[in-house]
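Next come two complexes built around chain A: one with chain B, the other with chain C.
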Partner chain A sequence: MTTEPVVLAPPAPSRGTARTPVVQRTRDRNHRGAVRWVVLAAAVVVAVAMMVPFAIMLLNAFKAPGEYSAEGPLSLPSSLYTDGLVAFWQRVDYPEKLLNSTLIAGSVAVLATLVSLLNAYALGIGRIRGRMWVVALFLLANMLPQEALVYPLYFLAKETGLYNTQLSVIIIFTVIQSAFGTYLLASVLSTFPPSVLEAAALDGASSWQVLWRVVFPIARPTLSVLLIFFFIWTWNEFFIPLVMLIDNSTQTIPVALASLQGDRLMDVPTINAGALVSLLPAVVFFLVFQRTLTRGITAGAVK
Partner chain B sequence: MRTRRTTAVVAGLVALPLALTACGGGDTDAGEGGGDDTLRLWHYEGEDSAMGIAWDEAIRVFEEETGATVEFERKAFEQIQQTAGMVLSSDEGPDIMEYNKGNATAGLLASQGLLTDLTDVAEERGWAGALPESIQTTARYDERGVMGSGSWYGVPNYGEFVTVYYNEDLFAEHGVEVPSTLEDLEAAMNTFVAAGITPIATAGAEYPAGQLFYELALSKADRDFVTAYQTYTDEVDFSADPLRYGAETFAEWVDAGYVAQDAASLKAEDMGVAFINGTAPMMVSGSWWYGRVVAEAQFEWGIFNFPGNDLNAGSSGNLWVVPENSRNKELAYEFIDITMRPEIQAILGNNGGLPLAADPADITDEKSQELITAFNEVLENDGLAFYPDWPVPGYYDVLVSGFQKLINASATPDQVLEEIGTAYADGVASIE
Partner chain C sequence: MTTLSLPRRAPAPRDAPGRPARARRHGRPVYWLYLVPGAVLFVAVIVVPFVMNVYYSFTRWPGIGDPRWTGLDNYTRLLADETFWTSFRNSVAMVVAMVVVPTLIGLLLAAVLFDYLGKRFGPRVASVLRATYYLPQVLPVAVAGILWSWILNPQTGALNVLLREAGLDRLALNWLGDTSTALPSVMTVMIWVQVGYPVVIFMAALQRVDPELYEAAELDGAGWFRRFRAITLPQIRPETFVVTLTCTIAALKVFGPIYVLTRGGPENSTNVPSYFAYQSFFPKSQVGYGAAIATVLTLVVVVVALVFIRLQAASERREG
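Let's look at the complex of A and B:
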């Protein structure tokens, strides 16, 4: 199809302008245009495929349980049913869970990014001895399945009196996330232009000043990407919060969501409604920081 | 200026964890609020379920009579299932909680010494006399955590059993009578198959297929088999009846189209929906669906016990257990006692639950009466045979994969029997 671009009419509804002599001049652009449309179509297909689960969730969040059972998950709701949302909100005391989740994910995002930066500074720029092994060790911590970690973590938390506190989860995820952050950031910083560091050293900067005045501003785009990832990853964590946070008053949103699934029965509309309101804060967070994210990536690329 | 900035950063670093500790610490205090007259109670039944409604009333009565306050938290089933052992060996646990019956759950915790022995209390308060024999099986566990004998570690409030839900409208439309024997049932299913309808909704990816197999096996089984299978008192031969009959008949039913070929990948939820939306004329499943079918089905329907079976899958419901670390055991016993009262049991029964100690005259809801009558029939025959996946840890997944193969016809009944038999033997060997 793309081998004969000249014969091909522009696939877009081009409002007749393309038939004018301009065609000759924009021949190359037309060619590229056809490919562009194909790429666009493919992107749309992928985007739609990715949105399907969300659409189904949205559809069922506003459907009465009886209607769900009678018509199945794909039917359009005949009326807007909001009891599921209300029930979820009240049953799990959503504002409290939102506060817990925000506190935990927010603290972890900030602390883990900070720890990653300090570690990576030592590994990537400080080039301490045996850094290969240190990085490997960090990776190992990240690769261990949480199920293997959970009993020791439980035991430690119990011994230190942190069991059933948000702090236990914050500490655990600060370590887990910063293991990944250290690995990533250490390799980023190891390619840091030595001339910049030398210039700073000539000006008499201490290593602490080099970190905060030179390395930090330049690495900031990467750090903000890490911050966003850590926030969203921690937000969605289920297993360790499930084990560590026993009281309803300390629990996070994903754990609260699980309380809607019973032994043998589940309430599909309420679960969908719950999933919807649980997802929103993370989406809002992403949208708010999305600008930083794109700016971060391009800024990094230019440098 | 240089130093000032450094100090600020350091101060920030130090202050942050402090602030976090402060808020974490505050919550610990709130969690440990159990005083002399507080009962911290956990359960995981839905707010609108029969148990949820009845226990809400029990909490009200309890607070009124004892003057104590109940700190109730509704838990996630998943959380209790995954973390009960850890919670109960810490001091953050409740004073009384609902917990799953069975060897791998209540039995395991009992054998680890995490649950209070209730034998004396059960005698004293008359629970032992009030509960039918086959219900008591799941309340008692020996030192290995095997149910059926030994001390009382839990008290069930309600029962559950597997029965057949049928769509009366579809039965009438095709001129099918409620079957009373297995042959009748097969004849009825032939009528539906001839009309292009798959008669039984089931689900291979979760518990329903295994329970259907177990129902079929139980049609050829007696109490001794159940005892041997569930509590290892005797060798179980997987290559002989009743298990062979169960697997072979199951395969025949798949062949005959009584069960859909694509059911292998379906979940229990899909099965329930297929019955509730009127597609499937029958569903072989547990009484836990009852309330939902009452609320959602738009047609006339009823239940009948699996035709010809004296034994049926079923058991007591989940148990009230009192953790060894409970700070208020006396209040916990008092609460259990209130849940056993006829008036609380009647609330349970009138909302689609299966009470164990209700006065039949108190059950006024007609649909609930139908269910309770069917259940009592099973109890009178001493007919609760528990569930096929109970005997050994991890057996649920073995059964699911085995019967998925039978539904797909990718293995013969012999192969499946051998597979599930080996897993059973290995599991039993690790318990003994």
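Let's look at the complex of A and C:
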């Protein structure tokens, strides 16, 4: 959590040695501007290459099939053709899929964060015996391929009547995500200042009160990072939802889109419009939470 | 019994002479109770299924009726199964596409953005470029894969339509449908998906590095590349370990992109262990066999992770 996403923050004034703008200038004199523009151009070319698939998707989502065969993928559509979008929207009942994805990812984000907090409270602050082993077990679970769990989960879900329900996926991902969350949060909470805890204990606070009145408010920034990550990870999950959710009415957006693959009614505008509206929620989420995300990824890496 | 329990109880009053018992209990609450909900869920969703899966791997079972114990049969069959070896060979290709290439490109891009462009064009330029590289990472990989599978479609796909428009009909290949081009095509898509992750991690790592190191090197007349090799690379080694470890595990487990791009085909040329296991479980109903593949995959992942962690510990020792 030490690395804030402040790219190139100005150096603290207290730093002893003088910043060396002189050196910078002499170096630039050698390159005389030309090189830096070449480097910028190269970096922009890579960025454009990354964006090409999205640009092609946008260009062809609202272009009539006839125009696509005549003008190709790079032309601007001459009129706004929305039949593809309408066809996809109705075929998969998009609002329902959006609701399913939101319900699953939202529930998992909240529940997994809660479970992570409870686990990490016992491990990081309670320092219960054998905690190293418990943390190692969670870490190991985090590495497990889902393939090694999927058939028994499928079997157990059928036995308990949870098969083909959103609840099955919510339970499974609450556990899978909280395995990572516990690992991360336990190490964050183990650095919690003991004096604060001792003060609360002297005031006669129970461990439950300490958790919610002392630890929770202080850990809130980390918890919000976890919450956002769990949401996005669960939103993007494919394998277990594919196995567990076979009905169009329970499916998530990626699974519903994949189930239409190879369908002969999926013409070019339908595929592109479908991909567009399926990617859109994640893009919006990314733009809204970009700062938190970058902070979170780096937190995960440093721990 | 009494002799054993006596000395254990004896120190208690010495420990806290004046303190009332109530405060002692508050000082040491039963924290393990907080672990109960998490532990119950963990056992039900991870431990029990994992053990069941290992058990299945020693049986023959079509998913209905009772599994029949067959010992190591599935494993001996696996070793003789060419698809099994192909799938792990393709895992190596996935490691190249999801770890080696993205890490190298990511190092270069991060260093250029942070140490060069960020300083000359301002932090906004660097962070916009970084967000652009990172975008594919936050999208559902299955959806991005579906977009790519259309772009690479031999008849209606954007790539071949463009090639034909340019008169390059001979280059308009069946990218995902031909055994010679399918794997390189999938690898290219995976590089596109993966490259932003190392860029973000490495850029954050570079903020940790003391700028004075760079200033001193610049004063000594070290060029950009010398500074990259002598300062950047050694300084961000911990992050490089994290990136290569997490990406290697992800590469070994890759499923979604294979499912939507090629379904492991043509002729298994893009099959990977996770898809191979899925095929055995569901379309083929060979549960025992699929469980054996999944168990081997788990072993490989755990061994690779342990080797990584050992290597990291060794390199830290060498430095310290």
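As a working rule, the second predicted complex is superposed on the first by the 206 of 303 C-alpha atoms of A that agree within 3 Å, B and C clash if a C-alpha of one lies under 4 Å from a C-alpha of the other, contacts with A are read in each partner's own complex, and residues count from 1 in each chain.
Methods note: a contact is a pair of C-beta atoms (placed from the backbone, for glycine too) under 8 Å apart; a residue touches a chain by one contact, two chains touch by 3 or more.
Since the structure is predicted, the reported quantities are computational estimates derived from the model, not experimental observations.
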Look at A:M143 in the shared chain and tell me whether it touches chain B only, chain C only, both, or neither; answer first, second, both or neither.
second
Exercise. Looking at the overlay, what does A:S107 touch: chain B (first), chain C (second), both, or neither?
Worked result: first
Per residue count on chain A, the busier partner among chain B and chain C is C
Give one of first, second, both or neither to describe whether A:T165 is in contact with chain B, with chain C, with both, or with none.
first
* Could you tell me if A:L98 is touching chain B, chain C, both of them or neither one (first, second, both, neither)? => neither
**Prompt:** Which holds for A:V188: it touches chain B only (first), chain C only (second), both, or neither?
**Reply:** neither
| request: For A:I218, decide between first (touching chain B), second (touching chain C), both and neither. | output: neither
Touched partner set for A:P254, first chain B, second chain C, both or neither: second
Open item on the list: Contacts for A:L58 in the overlay, against chain B (first) and chain C (second): which applies, first, second, both or neither?
Closed with: neither
- Task: Classify the contacts of A:V243 with the two partner chains as first (chain B alone), second (chain C alone), both, or neither.
- Result: both
Both chain B and chain C touch chain A at residues 68, 72, 151, 154, 242-243, 255, 258, 261, 267-268
The residues of chain B that touch chain A in their complex are 2, 5-6, 9, 13, 16, 20-21, 23-25, 27-28, 30-31, 44-47, 73-79, 82-83, 86-87, 90, 92-93, 100, 207, 268-269, 272-273, 276-278, 286, 288-289, 292, 295-298, 318
Listed in rising order, the residues of chain A that touch chain B in the complex are 65-66, 68-72, 91, 103, 107, 110-111, 114, 151, 154, 158, 161-168, 170, 208-209, 212, 242-243, 246-250, 255-256, 258-268
Within the complex, chain A is touched by chain C residues 26-27, 29-35, 37-38, 41-42, 44-46, 48-50, 52-53, 56, 63, 109, 112-114, 116-121, 123, 125-127, 129-133, 135-136, 138-144, 146-151, 156, 158, 161-162, 165, 192, 195-197, 200-201, 203-205, 207-208, 211-212, 215, 218-219, 238-239, 242-243, 249, 252-253, 255-256, 259-260, 273-274, 277-278, 281-282, 287, 290-291, 293-295, 297-298, 301-302, 305
Listed in rising order, the residues of chain A that touch chain C in the complex are 2-9, 11, 15, 17, 19-20, 23-24, 27-28, 36, 39-40, 42-44, 46-47, 50-51, 53-54, 56-57, 60, 68, 72-74, 115-116, 118-119, 121-123, 125-128, 134, 138, 140-141, 143-156, 171-172, 174-176, 178-179, 182, 201, 204-207, 211, 232, 235-236, 238-239, 242-243, 253-255, 257-258, 261, 267-268, 271-272, 274-275, 278-279, 282-283, 285-286, 290, 293-294, 297-298, 301-302
